[in-house]
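A, B and C are the chain letters, set down in written order, and residue numbers restart from 1 in every chain.
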Amino acid sequence: MSRRPVSRTMLLSLFAALITLILTGPLSGLVLNGYDFTTRFAAPLQIAAMVLILRFIAGLLPASWLAPKQKHEVEPRAPRFKTYQLVLGGLVLYLALASLVLFASKYWLAVGIMALIYVLLGLGLNVVVGFAGLLDLGFVGFYAVGAYGYALGHQYLGLGFWAAIPLAALLAGMFGMILGFPVLRMHGDYLAIVTLGFGEIIRLVLNNWMAFTGGPNGVDAPAPTFFGWEFKANVTQGGVPFHEVWGLEYSSGMLDAFIFLVLLAVVGLTLYAVSRLRGMPIGRAWEALREDEIACRSLGLNHVWTKLSAFAMGASIGGVAGVFFAASQGFVSPISFSFFESALVLAIVVLGGLGSVYGVILAALFLTLMPEVLREFADYRILIFGFAMVLIMIWRPRGIIQQRRPFFKRAGS
Amino acid sequence: MDFYVLGQQIVNGLVLGSTYGLIAVGYTMVYGIIGMINFAHGEVYMVSAYLTAIGLAVLAYFGISNPWLLIGLTMVFAIVFTSLLGVTIERLAYRPLRRANRLAPLISAIGVSLILQNYVQLSQGAKNQGVPTLVEGVFRMGSEDHFFQITYMQMVIIIVAILAMAILNFVVQHTALGRACRATQQDRQMAQILGIDTDKVIALVFGIGAALAAVAGVLITLNYGSFDFFVGFVTGVKAFTAAVLGGIGSLPGAMLGGILLGLAESLFAGFVSSDYKDVFAFALLVGILIFRPSGLLGKPTVEKV
Amino acid sequence: MLTRFPRLALSIALVSWSALGHAAGKEILIGVAGPHTGSSAPFGLQLWKGAEKAIEDINKAGGVNGSMLRAVKADDACLPAQAKSVANKLVNTDKVNAVVGHFCSSSTIPAAGIYRENNVLMITPASTNPRVTEDENYKAKDCKAITDKAKQEQCELSNYSVIMRTCGRDDQQGVEAANFIVKELKAKSVAVIHDKDTYGQGLADAMRAHLKILGQKDPVLYEGLTRGEKDFNAIVTKIKAAKADVVYFGGLYAEAGPLLRQMREQGLKASFISGDGIVSNDFLSAAGGVKFVEGAFMTFGADLRNVPTGKAVVESFRKSGYEPEGYTLYSYTAVQAIAAAMKGTGEIQDGRKLSKWLVENGADTVMGKINWSPKGDLVKSAYVMYVWDKAGKYAETQAKKL
C-alpha cells in the first residue's frame, strides 16, 4: 500500500484532536466539587494535543503496519514428535523454568504463581470456548468451587493439598455438568448470560452462607505439604518442617517455590493433555460441534454428552487452578471470584487466539504480568491495560497466535 | 400480607425495573443490529451520570433554577455528548473488528469499559458524587401513616422508559431508517448491495443506544441523587440480564425483562431475603431461559439445515 | 491540583530514574498500601494523603536519625489477591522499612501474613476488623524459663506483633453503638442492615451481639444489601413494615447515603446509626443533601480535628486545599508512630523491635499520646457518637458520657 499524503494525515489528526477535545472537555475540564465545579481547562487541551501527535505519527507509518493482521489460509499441522522426544523436551523445559525459582525474588515468584494459575484457567476456558465454542462468562464459578473445595475440605474433612487436587477437579467437573445440563438448548449469548448468572450465584451463595463458608470473611486455606514436610517455620499440620529435614535455614520463600514447582508441573501436564485431547475423538467432536451442530447431530454425534464433557473438562481444570490459588493465598474470600475475573480469563482466551493452546499461555502471561510491570505507572495502570486490550484486539483480531485447525491432507495433494 | 406493603414493593419493583429497562433497550438495540454484546454500554451510562452533574452545576452557575428547564437542558447536553461518545467508541474499538471473530469485539468492549471507568476516576476523582434534588413531591395512597407512595421523579422514570421504548419500536418498525436497520441486521452484505450505507446505519444505532443511556443516566441520577465511577458496571450487568431475559434484540422484550427483573428483586427482597435477591433474580433467568431458550419475546431460533 | 499529563510524564521520568539505581541509600521507605482503583478508591486517597503529609512534615523537621523518609504507593484495589501481591512487592522488591495500610479488612488480613513472615512493621489506620490483629497461629511463649540471656530476649521479642493499628476495633465500636441505642435512644425495635462485607457485617454483628448482652430483644430485621447498588427501596419498605424505630447500618457511605435518603423519602422517621465507614463529607452528597443526613448518628474515634495536638496539622492540610477527613489523620498518626519508634530504637528494619518499643513507650502523635497492647491494638480507643447537623457537618453528640 502506498503512503497517504501528509496533508490528509494532518487533517485527520486535527479532526481526531477536535473530537477528543469535545469528548474530554466536560469530563476533564470541569471537575465536580460537591454540587459545584472547578475548571481545569488545560487537561483536555493536553489530551487533545497528545492525540494530535499520536494520530499524526500513526498516519505517517506505512499503512501495512497498522492494518489488522488476518490470515485466512489453513496452516499445516505442527510436526509430530515421538513420545520420548516429547518427554525429554518437556523435562528439559520444565527444569529450565523450574530453575527460575533459584533466581526470582519472592515477589516475582508470587507473581509467577498467579500467572501460572491464569494459564491454567485460560487452558480450562479454552476447552469450553475455544474448542467447543460455548461462550462461558461464569468460569470463575468453577475456580471458586476448587478454591473453596480445598479450604472447606480442609476445615470440615481434614483434606490435604494432594487429596484436594483430584477431588476439586472432580467436584468442579460435577458442577460443570450440573450447570451445563440446563443450558444445552441455549445458544450463543443466551448461554453467555446464563453462565454469567451461575457464576454470580456461586459467588453470592459463598458470600451469604455465613455458617458454612465464613461469608465475606473467607476461610483459611492450609499451606501444602509434601510427604509430611511442611514449608513453614513452625509446623501446624503435624508434619515435620522441610528446612529441618534438609538442614537448611528457614526461608519464607520455600513455600512459594514449592507451589511454583508443583504448579509448573501441573500446567505442563494439562498442556499436554489438552493438546492431545484435540486430536482424540472427543476433541474432534467438540470442534465439529462448534462448526456445525446440526450436521453433527444428523451424523449421530451425541451432542448432549459432547457439550457436557467440554463443560466438565474445562471446569475441572478451573477447579485445580482454584486449589492452587487457595494454597498460595492461604486464604480465600468471595471477592476474589467476581465477574471481572471471568472477563479477564475470557480475554486471555480470545487475545491468545481462540483454540490456540500456546496463544493462551502467551496471553495469560501478558495479561497477568503487565499490570504488575505497570505498577510503576500507579494510577494509570488499569487505563493503560484497557488501551492495550483494545489495541491488541484491533491489531490481531484473531488473537496473538492464530488458530490452527487440525486437518487431514488429501493423498496426493 | 399487608396491602400497602405489597403495593409499595410493587412500586419499588416497577421503578427499579424501569431503570433496568431503559439501559437494557440500549443493549438490545446494538445487539439487534450487529449481534454483539456491548459491554461498554453500562460505562456510557456511568459517563452520562457524570455529565448530568456537570451539566446541572454549569447551568446553576449561569443562574438557571427552573427545575424542568434544568432537566431539559441537561438531558439535551447529555444526549448530544454521549451519542458522540457512542459513535466514537464504535468507530475506534468495534468497526475495525467488524469482520473478525464474534468474541473479538466483546473483549474490545471490556477494554473500552476499563478505559472509561478509569478515565472518569482519574479525571473526576474516585469519590462519590451527587446531584441536588430537583423534583420533589410525592403521590401517596392510604392514611397518614399507613400508605404506599410513588414520587413524581419515579413516575417520570416509568413513563419515560415506556415512552422511549415505544418510540424506538415505532422507528424501527415503521420508518425508512428502521427498515435500513432491519435490513442491515438480517443480511449486511445484501443491504449494502441495495444501497444502504451499513457502516452509517450501525454508527447511528450506536449513537441511539448511547443516547438512551444518556436518558437513563440523567433520570436515574436525579432519582437516586448519588453515583460514582462504578455504577456502570453494577447496573450494566443487571440491564444486560434484563435484555436477555426479554429476548435480546427485541425492544419491548428489553422493557418487559427489565420490569420483570425489578419486580422479582423487589418482591423477593421485600418478602423473603434481600441477601439472596440476586441469587433469585439469576435463578429466575435460568428458569425462564430453560423453558424459553430465546427469552420471553425473542424470536425462537429455528434449527434448520 | 497537578494536571494529569505532566504527572504521567513525571512518573515516566521517575521510572527511568529509578531504573538507573538509587544514588542515595540513606532513605527510609514507608510503603503506603490502600485501594487506588476500584470502588473503595476514595479511602485509599485518604490514607495516601495522610501518610504523604506526615512524611513531608517529618522530613522538613530533619527526618529520622538523619535519613529522609520516602513513601512508596501500593494499590491493592481492595482485592485480597492483589493485597498479597503488593505486600510481597513492598517487602521483597521495594524493600520498605515499614508499611502504613491496608484499608479493607479483607485485604489487610491476608497481607498481614506476609508482613509477619518478613518481620516488617505494618500499622493500619483503618482496618477495624478484630481478626486483623488476632493471629490464629500465635501463642504467647513463656520466656522466663530460658536461661540464656540473648535467647530470652529473642523469645520475648517474638511475643510482639508487627501488625498494629491506629484505629479501634469493630467489637469496641459495636459496643458503643449498642449502648447508645439502648440507653440514649431507648429503642424498642432495631433493624440491623449490613453490606455483606468483612467490615460492614463484622460491625453489624458486633453491635447485635452487644444488644443481646444489654438484654435487648433480637433485631426485628437483620439483612444484607449489595455493595455498589443504589436502589434500596425494597429493604426500606421492609424496615418500615417491621416497624423499626432505629436502623443500624454496618457499611460504607456509598450505600449508607442512598439507604438513608430512601428511608426519609418513604416517610420512615426511624433514627439512623452507622459506624466509621460513613465518616466522610461525601456521605452528604451520597445521601443527596443536608435534609436527609440531618440527625444521622455515627460512631468514630474522637475527632482529631478538634484535638489540640492536631490543630496545626489540620490547618496546614486545609491550607493546601484538602480537608483531612475520615482516615487521613489516622494515617498521619501511623507514620508518626513509625518514625517515633525508629528514632527511639535507632533501628529501621526489625519490625518486632519497633513494635516492642511502641508497646513499651507509646507515641506522641496528632492523636495525642497513644499506647498499644502487645497484640497491636490501641489500649484506649474511645469511640464517640457523632451526629450530623443542619449545616451538613458532624460533631460529637452532646449526650452525657455513658
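Everything below uses one rule, namely that contacts are C-beta pairs under 8 Å (C-beta built on N, C-alpha and C of every residue); 3 or more make two chains touch, one makes a residue touch a chain.
For clarity, every value in this text was computed on a predicted model and none was experimentally measured.
Counting C-beta pairs in contact, the pair that comes out ahead of the other among A-B and B-C is A-B. Think of the whole protein's Cα atoms as having one middle point; the chain whose own Cα middle lies nearest to it is A. Among the remaining chains, B is positioned farthest from subunit C, on the basis of C-alpha centroids. Rounded to whole angstrom units, the spacing between the C-alpha centres of subunit A and subunit C is 33. For this pair, subunit A with subunit B, the centres built from the Cα atoms lie 30 Å apart. Inter-chain spacing, taken between the CA centroids of subunit B and subunit C, is 37 Å. Residues of subunit C found to touch two or more other chains are 4, 36-37, 196, 224, 285. Residue positions of subunit B touching 2 or more other chains, listed in rising order: 118, 122-123, 125, 129-132, 275, 278.
Contacts with at least two other chains are made by residues 28, 31, 34-35, 43, 208, 379-380, 382 of subunit A. Touching subunit B in their complex are the following residues of subunit A: 19, 22-24, 26-28, 30-32, 34-37, 43, 68, 70, 129, 135, 182-183, 185-190, 192-194, 196-198, 200-201, 204-205, 208, 293-295, 298, 339, 343, 346-347, 350-351, 354, 379-380, 382-383, 385-390, 393-394, 397-398. Here subunit C touches subunit A in the complex through residues 1, 3-6, 8, 11-12, 14-15, 18, 36-37, 73-75, 78-81, 84-86, 88-89, 91-93, 106, 109-110, 113, 117-118, 129, 131, 136-137, 196-198, 201-202, 224, 285, going by the rule given at the top. Per the touch definition, subunit A reaches subunit C in the complex via residues 28, 31, 34-35, 40, 42-43, 46-47, 50, 105-108, 110-111, 114, 207-208, 210, 215-218, 220, 233-234, 236, 252, 325, 329-333, 335-336, 372, 375-382.
Against subunit B, the residues of subunit C that register as touching in their complex are 4, 36-39, 41-42, 44-45, 196, 223-226, 228-231, 233-235, 237-238, 240-241, 253-254, 257-258, 261, 265-267, 280, 282, 284-289.
Interface residues of subunit B facing subunit C in the complex, by the touch rule stated above, are 2, 5, 8-9, 12-13, 15-16, 19, 118, 121-123, 125-133, 138, 145, 147, 149, 151, 220, 224-228, 230-231, 233-234, 265-267, 269-270, 273-275, 277-278.
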